[in-house]
């Protein structure tokens, strides 16, 4: 009965949303802004991947805001868990799993670095690459039974990454009078690794920030927040 | 049945499932799980708003022969979804922590038995 | 690769994925479900590789590798949880 | 060249058939250990054959496909091993006609 009432209510809401979306009609082409991005983005920014171009440069200020939202959520988790630690003893995994946890994080870190560095060429960039790097941390944490060594570096890496993101923005403001202007570095030939202005640098900053925040959450789950 | 319709139907189904779960379930972790389902549905809905039939992902490489404005889908919703996924992960982590700590504090994870939340 | 051949491959992989997914839905215990999830994600990795091949974009293989990595970690985390290691 | 491409098609077909059979095994096998058997061995072999076949048809994709195949070879046995140890502790997963249990003896 309760589920049925909830179902009817949710159905009403979803149909409302669907009707609102249907009233837009079938889109015939790109919108005005998206058409500008698709037509000019290649020359203006020098990135092949238009999604990364939009995330990092055109909407870079929004991304700075969203990264700070992520920071707020992560620090809330870490704060809660350091006040009320979950604190549960864990058993040791079997030796095969332990060996995997020693061998596999290196290649995963390498792959995460590849994704971050090729953010302007392939589907990837700071956010997915950071998640892949954090998954290496998850792999280490699945096998550990006590505190891990890299936990005390996470705060430092996180704040340095946020600082450098803001500084890269201010570099454009000082040099060309525009926050996060992409042309402060050479644009290069689109399609090469060293191209697209400051997009690789900002991707690296976002990647380090996302990776350290997600692994901070994981370390807090595992070891109870750490000692601030 | 076009791919656009598949995207729309799956997003609506996920959204429906998530909303029903949030409203009707009693266990706190199930509510958190339903929340992540609903946020996945919203993400797919956002991708659907930028989808154009027969076009490719917005990465201009050698496999796109025409001019980019008639060959790629809208990159703006995809950029939104990219950030929204990561933020969704952090928010659901926060949700799980709050659920676990609340259930430990009150001795139960059942929403109906949480009497002393009313003040 | 001809059209018919790719259709045959798609049907075979789709049938395998569908059967593993049915087991994932009707499983009774958590371990059973995790085993079915393991198989289903591996079949879907190959399905995604085939899709990338049919679209002709080699960059999609990065996505496949990320998916394989995350599914491995998910199954390993579930296993460690069932074992009492989390 | 034609020969390599034909070999690639054959490998693709073999891989797809193995993956389909593993899906069937996951659905139809009687208990969780047999299902794990079908879901790990057959998918690993099928994935390797599939990647090799695609790599032979399109040789410039071969390095990335080999990386994916190597990753599957490294990780799939590990996750299945961890799952097997986890399921071993659950009493209701024990098959009816169990003759001997080496892991039980090794643990105790």
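By letter and in written order, the chains are A, B, C and D; residue numbering begins at 1 in each of them.
Quick note on the criterion: a contact is a pair of C-beta atoms (placed from the backbone, for glycine too) under 8 Å apart; a residue touches a chain by one contact, two chains touch by 3 or more.
Owing to the predicted nature of the structure, the values given are computational and were not obtained by experimental measurement.
**Student:** Report which interface contains more C-beta contacts, comparing A-D against A-C.
**Tutor:** It is A-C, judged by the count of C-beta pairs in contact.
**Student:** Just the number, please: Cα centre separation of chain B and chain D in whole Å.
**Tutor:** Spacing between the chain centres: roughly 31 Å.
**Student:** With chain centres taken as the means of their Cα atoms, state the distance from chain A to chain C in Å.
**Tutor:** Spacing between the chain centres: roughly 24 Å.
**Student:** For chain C versus chain D, what separation do you get between their C-alpha means, in angstrom?
**Tutor:** So the centre of chain C lies 11 Å away from the centre of chain D.
**Student:** Listing for chain D: what residues touch at least two other chains?
**Tutor:** Only 75, 78, 82, 85 qualify.
**Student:** Which chain A residues touch at least two other chains?
**Tutor:** Chain A, residues with two or more chain partners: 93, 97, 122-123, 128.
**Student:** Would you pick out the residues of chain C that each touch at least 2 other chains?
**Tutor:** 59, 62, 65, 69, 76, 80, 83-84 - these are the residues of chain C that touch more than one other chain.
**Student:** Any two chains that touch count here, so list every such pair.
**Tutor:** A-B, A-C, A-D, B-C, C-D
**Student:** Given the complex with chain D, which residues does chain C contribute to the contact?
**Tutor:** Residues 1, 5, 8-9, 12-13, 15-20, 22-23, 29, 31-32, 34-36, 38-40, 42-43, 45-46, 49-50, 53, 58, 61-62, 64-65, 68-69, 72, 75-76, 78-84 of chain C touch chain D in their complex.
**Student:** Can you list the residues on chain C that touch chain B in the complex?
**Tutor:** 55-57, 59
**Student:** Which of the residues in chain D come into contact with chain C in the complex?
**Tutor:** Contacts found on chain D: 9, 12-13, 15-17, 19-24, 26-28, 32, 35-36, 38-40, 43-44, 46-47, 50-51, 54, 57-58, 60-61, 64-65, 67-68, 71-72, 75-76, 78-80, 82-83, 85-87, 89-90, 92-93.
**Student:** How about chain A: which of its residues touch chain B in the complex?
**Tutor:** Answer in residue numbers: 2-3, 5-7, 9-11, 13-14, 17-18, 21, 24, 27, 29-31, 33-35, 37-39, 42, 48-51, 53-55, 59, 62-63, 66, 69-70, 73-74, 76-77, 80-81, 84, 86, 122-123, 125, 127-128, 130-131, 190-191, 210, 213-214, 217, 221.
**Student:** Can you tell me which positions in chain C touch chain A when the two form their complex?
**Tutor:** 59-60, 62-63, 65-66, 69-70, 73, 76-77, 80, 83-86
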